[in-house]
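Below is one structure, written out as structure tokens; comments come after it.
Chain IDs A, B and C follow the sequence of writing; residue 1 opens each chain.
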């Protein structure tokens, strides 16, 4: 499966011009941040404790949220792709709800279900004394809620595109359905899973509305980078720019490394 | 035929285009080739045996056990797929060890068994390679080793040589023949290439439109085709008619051909293209089976030239030398006289 | 030219983010192009939403043909939009500090006037699960208290008031604005929070507001000013008069604001 030979000649202008415009549209705001950055005081601002706290919390929660999405989302994607059941279209539409829901509304919805007085949260609090709002676990839940559709859609697409005959071959070799999933299906769609996980992680890292609504904002516990950026913007726009740049740099490094490793030309 | 062991199946599968209804048996050690045109139901039959398509009726007994209620993974059947379907994320060794692992063998035992099989099919040196790095022939051998490594009671091969180029095919066909000969269980092979079927199979089952149309040894099928499809495959002119006192009346009586066989009633009459002689003008001392035809097409076939003759009275194929094409000044559309000796025709009951 | 485009984009984004106007007025902000009628554009702090909307109706009926268009939002966001050139006529801020960023930028015409005041109260859910009755209860361990982040005005006010009361509070969350504090209390996630009296009042019966004397140390002044390049300068002055007049005072009082 080597890449196909490219067509000779230049790419057509009809594609090139909007492509460049699109790239500029995406990149110019970043350049805006870089131009306005207070480079001279960058160093001293960075070592302020809260920046590193927020960064560490963001990386940890985004990673945990991605893990949660993988554990729940991959089986969900498999079910959507492979199991025929009535109402599958509706379920597929429901999965994308967090994409269209304003994150703040998502946060309120989570409070209504998993909050101290929520449908499930009330029971969890009463029975086990577990509450999610104002905790790091709450941040993970909020991020996972918003980010999971990215994983599910990506993995479902990969599963649909996968060649089912490999699974048939595995079945004739004596593999049961779980073995087939674990040893054949999953490795075959690994690039799709990786791409989905990366999207999911990136979305979780940038999550703001659902997080602050569901988990609140407390430094070191629930204050992630986007929350810190938002609050910094209230009083100290320069600090907000520094925080944004730090977050940008870290995510670009992580995403580039992961992309090459997992989604590169395998 | 195979009460004690081997395969005894009747496969009924409903398809959109047609219904497959096929009785199929194979004794232990016997290789049966399913031969038929595209869409005849060969692959469907194979997939039904493997449990990959649901059956509407019938049974699949291997060594006396009815496998029909069992899912594919519990049937103990080895299958070699058309494009081999080696798992791209596993090494060659892991591919072959996959089956034994699923059957409960330990990691080391499975790898040892796999290594033995790779040795046997002659590509032990590629054990750690990825399937992507293999040539078609090598991949075919790995696929065979993978299927045999589960120690199947029944081996299924779906067009095992179709993906190979002509040169590799010769070599792999000979190797496959050796391995099939060494396999103790029953084997069913699907192919659309009559030569593969002739070389590899002990018995050929021809199916068209989901039904069995001919069942016999390769020699029998080659000499006595019973449908136009088989006749074309084995390169014979085939006609159906009524025999009476050494004369075969073809079709609705439009033509007759003499033969030396003393059969009566419904018969097939076959003769080879090479036994047809062509003349520009009506020959003297006229042979008995002489007819006037029109040249429909002229094709090169190796060092021979195949001339398609159109009726009336009937269509036929003649093989001549390039020299005679020049001599006869043959061209598409030109009229011609054709003859075949009665001794060159072969008549058998329909 | 570029600046105009930037302003349009800013407004567009503001509208998309849900903090744009709630009115279905003409999109040509402040240009008054609709059939000779004029449009007055008022940027006001979110806590003024109900009061100003009703005052806007009053203003419209007193000035036939004039439409009042509001942009409610966080004071600092609004201030930023004005200094970036958004076409506003009147700016009513929830804090003198944010108003100062506008006057410092030379974008206010004349001296801003404090037209009303707001004070903090302790908001508790109606069933009061934390048994909160006075400000000193807020320091009780295990009590879930939410405050505004110190970066936003209500957070700064909370810090001052609690400092004056000598109460050490370890909140579970520092919310981004007072509405977020109110949401947490309304849904019962928090046992108590500090919000403005007007917010507690607006929440109806869902929360109870407990007054405490030290809140007087952190009274929040609301300044109002005409924007320097106001397209409807005359109307802007009249609107400010209405807000500062008897009708305005009455409406503000009903919402829980105090006279300046």
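Keep in mind that, in the parts below, a residue touches a chain if its C-beta (ideal position, glycine included) is under 8 Å from a C-beta of that chain, and two chains touch if they have at least 3 such contacts.
According to UniProt, the chain labels map to these proteins: A = Molybdenum transport system permease; C = Molybdate-binding protein ModA.
Predicted, not measured: the structure shown is a model, and the values here were computed from it.
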| item | value |
| --- | --- |
| Any chain in contact with subunit A as well as subunit B | none |
| Centroid comparison with subunit A (C-alpha atoms), farthest chain | B |
| Central chain (distance from its CA mean to the mean of all protein CA atoms) | A |
| Separation of mean Cα positions, subunit B and subunit A [Å, integer] | 54 |
| Centre-to-centre distance between subunit C and subunit B (centres being mean Cα positions), rounded to whole Å | 85 |
| Inter-chain centre distance, subunit A versus subunit C - centres from mean C-alpha coordinates, in Å | 34 |
| Subunit B-facing residues of subunit A, complex | 1, 163, 165-166, 168-176, 179, 183-184, 187-188, 190 |
| In the complex, subunit B residues that touch subunit A | 50-52, 71-79, 81, 85, 87-90, 98-99, 102-103, 132, 146-147, 150, 156 |
| Subunit C residues touching subunit A - in the complex, by the definition given at the top | 18, 74, 76, 144, 146, 149, 151-152, 171-176, 180, 183-184, 187-189 |
| Residues on subunit A engaged by subunit C in the complex (per definition of touch) | 102, 108, 111-112, 115-117, 133-134, 212-213, 215-219, 222-223, 227, 230-236 |
